[in-house]
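In the part that follows, the structures are each spelled out as structure tokens.
Heads up, the next two complexes both have subunit A, just with different partners, subunit B and then subunit C.
Take a look at the complex of A and B:
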């Protein structure tokens, strides 16, 4: 057994006034292992790592590195001690090349402070070779894929000679094949003697990759065990504190008439590129159509084209036989319930009250919200709707006048879902509806989607999470480079096949060879 | 021919303070600070230059005082906008207003004059004759015999371009503007970079101020920066901070500024000729936005 490298003892952290983020957490990380830290959102995984990394102060507890007490006041000190963290959101400068991003803050210099460009490039290139990262040091970061950016983040830490890598949900933005590639690279790093702490809530990944697994729940470390002795069900039970049903009960679909009919939808960017290229699709009532694809391959443009948020250069859009190709957004809202991907920006106004967020769109479309010919709002009606959403969608909130941002992520999404579904529109468009939600809330949303199908709504679900698409969708279309590259029946396809289409082109051939 | 030389030298005279202040602004622009305090730094610099030159009988000490004065202004900016996180725009406005009031008050308190102070004991910054090149006909008149600060301004532009694009400080400086969070996570304190950029800006604005009061003339007048700091801000924003672009834009503004001087005494009323630099700023903003929309 390897020696203990990092020992966290009795760590406690309270966010004022009284949110207990960590309570008496003790975990040991051994050198040369991949140690997964799993738990639902808000379980304290990230907070624990931030405490270790010097980004958060702890209230109690000790941190030991190789047996000696350490107390990093900022990430810089942690990195100097050989501990590096890759955050959930990627922090790079798109205007800089890969080598510039990597050396930033630790640049080799000539006399007079001139950047020693040759040495810098060479060092970065050597690290890339050493860890077999397959990156071009001169490529601008703005032009490379998300997976490559993640590698640049890791490279940045390796350049600073860290021996411990903390990765916060690194797979959230990757396609299945890219996840496989990342895992190979992480195993390679471990074999070279690095220690990897891996935060995740995807159970399959955790079991496939790690040596040790620590489960956290509500700020406590529940258990640490070798991955080889765990099953997915056991892990889920530890995480949630109860048994979880993985396969949502899905009866065979009985689709009816087409509700959404789109022909040749094309959206052009300002530089003349077709971000959405001749996409045609149909969604029938009582059917869930899943849109899969690596992010940034036209899904967002498709959503915008359907909602009227961007103007289509060509094509047509009909909902229930009504031409909406060039209709304004308000007209479309009568036919389409819309849950956007960005809760905090497009889905809701965070500083506005829960009530104000709950009645958005309703107060325009539904005349009963008006008083005095629309000069005033019918508050009684507004409160009634908010209460209805609260009860029907099981939102835990105290005061409807409280700011929306005081709700947890899951509850925010429930309010938005409630608002949209109570519009009772024939078409429901959901863009990443479970992003950032914990297992419990995700389960709830999936149940809701299947219920919509039973009520003969047409559902278009855009998701970067393949598991989600496979769980709920009846049909799966795959987008790549703005085009619709595959239209598959869920029962007749596999994740690998969808992944193959997601990567498209040359990459796809490699990916298939790997499988 | 003399018309050409007249316009040419008027252009250089007009461009120099704008160029220096704009190069200073370029540093803060790249560092991600919305710095509008160039006007105030320049004005305080101009006053301190006269103060230093008058009492210490040396134009070099005048320049040193000018830079020191501008640095004090930058220090106030740092205290409020960087340390205490007040709004950069409001801090800038406050500093600019403060500069007008302070210099006017000190002018009356120290020199007991209103409007403008001029005195033979103020030592001006001398003109420089360039050896060899100055001897060549035509070319000599174009490159030689101008005020020392004009040559300094050229050097400052070249050095600024080098520092911003070729040094590790420049890499960090631009990173502070592109993504401060990224720079922080790279182990560099973004506030420290911003403080440095403000110091560099103050040095440039101090030079610009010294040129105003000791270079082109030998006096201090109330509010003598007359909006040049704002025009330099326009120049910085127009070219997104690039020092070479700043140089070209400054020459353009300098040309219109020179035209103003040149047209004084002609048939056009001075009220209209005095508008030229500001109208030129608006027009260039218009063309800039048209070009940007096409791109």
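Take a look at the complex of A and C:
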């Protein structure tokens, strides 16, 4: 067996005031292995890696690299020691070419300090050949796919000669075919002697790719074992701390009347591009329509167009036969319950109290929330609603007057779900409703979605998580480059087919050819 | 809320100690200085009366700034709105022949309308041309100042006066003293209570507060944020205008050059210290007027120059604002340590 390269010993980290992110975590990474770090959202995987990488300070514990104590104060020091990390968000300059992005910050220079363009470009080209990355060094980053950008991020680190690569949820933004390609490249890297630490919460991927798996749960390292000795069920049990049922019970849909009818919805950006291009769709009562697609292909624009947050350039939008194409937001809120993707930006006011967040929209649509000729808020009614949400949606909270941001992510989402679902609107629009939630909360949300369907609501679910779409949706539509490219019945399609459409058809063939 | 009261009191006390050290370094006796300060404000009838009158513009412009900032608007036009409000009350007080029962309310209304006009102008420019109210309200302050100066130098000039000022307004519009305290103080208290009701009990206050914290969330929630924007501008303009009107009606009974002085900027500062809380604005307004009023007496009986009070005010602002943040950090750090120990057991 290979020698221990990185040894994390008894690492603890508390985020002020009282969130224990890591509690006495010890993990060893051996050189030349692919080591997966798995766990639910919030289990501490990313924090642990940020502590190693010098992005977060630890409160306790030691870090050993090849047996000597190290303490990186920033990523620059970590990279100098041969450790590099690729973050979830890709940070590249779209106007620059691939080689320009790669050398940025570590440029070869002439004697007088001018950029040595020829050497720089050549070195990047050589690295691309060495690792068989299939990239054109002169292509501007803005013109290449998300998967290719990710490769550029990895290349950036390889150019700086790191031997350890930390990848934080690299597959989150990829289509299934692209995931396969990435894995081949990672295995190739490992065979060349690199060590790869791979953060994920997708069990199939973890088992398929890695040599070692460390499971984290609630800030603790539960176990490290060779992937060959693990099963998916065993891994899930370690992650959640109990057995998980993978297939949610979903009875066949019995859809009724159309509730949402959109025709040719078009949203134009300020530079004249169609971010949403002639999208037509229908959601019927008692039906869940899933919207799949690689992020940034018009899903957000679709949500904004439905909610009235952006003006449509063409097309029409009807809910229950009422024309909402150009209605103001308040009018739409009578018909639409909305759970946005970004809790802190769109779904809640973080510094406001739980109560103040719980009554939003209710306080306008329901007259019982007002007193004194509508001038004053009826706080008694407001408290009653907050309590109802707390009990009905199982929110663990102490005081309705506490700030919303004092709740955990899962509980925040439950308050938002409760608020929106108790509006009892005929159409429910959910944009990434389980993003950042743990397995338990995710199961809960999926249960709620299926319950809504039974209660004959029309549900439009936008999700970047294909598993989620396949678990709950009755029909799946796929968006690519602002267009609706496929409308499929869940029973009659596969992940591969959806992935094919996600990549816009043509690219998909290309990606498969690479494998 | 309780944490804020605590950190506020602690901050003011700390600032007084720092001020005392500054005094001692200059070879003044801090105790007799602070004693004189109190003697000529809180502890004597005439001092108290003058202090409360002085608090009127401080508190009202402070409320204006608190409500604006709390709703996410950068209304920094309190000085100009105050001046135009004062001018409105003066014009009505000079030229409208009404009996006392009617003239006082009409003058007050004219002051508020004047302030609303000035803030409404900024709101209109924002709606029509997307001009940022931050810069517009600031610039309108200069226009208001020079417009008022022109008005009292030429059309409204009192021929008997030696410097720019209007003739006195009709005596019917004068606010009387009730038990030694000017009636303008009463209006200030009523305005504070109404503002508190609006912000803590009202539907508008709720929506404004949320709008100030997260405008997009308020908008998605169905609040009419554009209409609220105009309303907040008008209400906060009216408050600043009211301050100006009450200053004319309760004080010199005419518009004299330099009437607005620095009151409105002090009001903005008070809102910042009070972290936009209505009761906080009221109390800090009283505190600052106490210091400013006491400074006059302090200069009489001690050798300390009244400028020392400017220094002391600045120290209070810095210590309270910085203290609020660092106290929270300190509470957090204690909690962090406790949690770390618990989690490792």
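Quick note on the criterion: the second predicted complex is superposed on the first by the 487 of 515 C-alpha atoms of A that agree within 3 Å, B and C clash if a C-alpha of one lies under 4 Å from a C-alpha of the other, contacts with A are read in each partner's own complex, and residues count from 1 in each chain.
Methods note: contacts are C-beta pairs under 8 Å (C-beta built on N, C-alpha and C of every residue); 3 or more make two chains touch, one makes a residue touch a chain.
As the structure is a computational prediction, the values presented were derived from the model and not from experiment.
Asks: With the two structures laid over each other on chain A, which partner does A:184 touch: subunit B (first), subunit C (second), both, or neither?
Replies: In the superposed model, A:184 contacts neither subunit B nor subunit C.
Asks: Using the touch definition from the top, say if A:16 reaches subunit B (first), subunit C (second), both or neither.
Replies: In the superposed model, A:16 contacts subunit C only, not subunit B.
Asks: If you stack the two complexes on chain A, which partner ends up touching A:79: first (subunit B), second (subunit C), both, or neither?
Replies: Touch partner of A:79: subunit B, not subunit C.
Asks: Applying the touch criterion given at the start, work out whether A:402 contacts subunit B, subunit C, both or neither, answering first, second, both or neither.
Replies: Neither: A:402 stays clear of subunit B and subunit C.
Asks: For A:322, decide between first (touching subunit B), second (touching subunit C), both and neither.
Replies: After superposing on A, A:322 lies clear of both subunit B and subunit C.
Asks: After lining up the shared chain so the two structures overlap, which partner does A:107 touch, if you call subunit B first and subunit C second: first, second, both or neither?
Replies: In the superposed model, A:107 contacts subunit B only, not subunit C.
Asks: What does subunit C use to touch subunit A in their complex?
Replies: Answer in residue numbers: 197, 201-204, 206, 209-210, 213-214, 216-224, 329, 331-333, 335-336, 338-340, 343-344.
Asks: Give the list of subunit A residues in touch with subunit C in this complex.
Replies: 12, 14-20, 23-24, 59-60, 219, 307, 309, 328-330, 333, 338, 340, 345-352, 356, 360-361, 363-365, 370, 374-377, 379
Asks: Along subunit A, where are the residues that touch subunit B in the complex?
Replies: Those residues of subunit A that touch subunit B are 75-76, 79, 87, 91-96, 100-101, 103-107, 109, 112-115, 156, 160.
Asks: Hey, which residues of subunit B end up touching subunit A in the complex?
Replies: Listed in rising order, the residues of subunit B that touch subunit A are 162-163, 166-172, 174-175, 178-179, 181-188.
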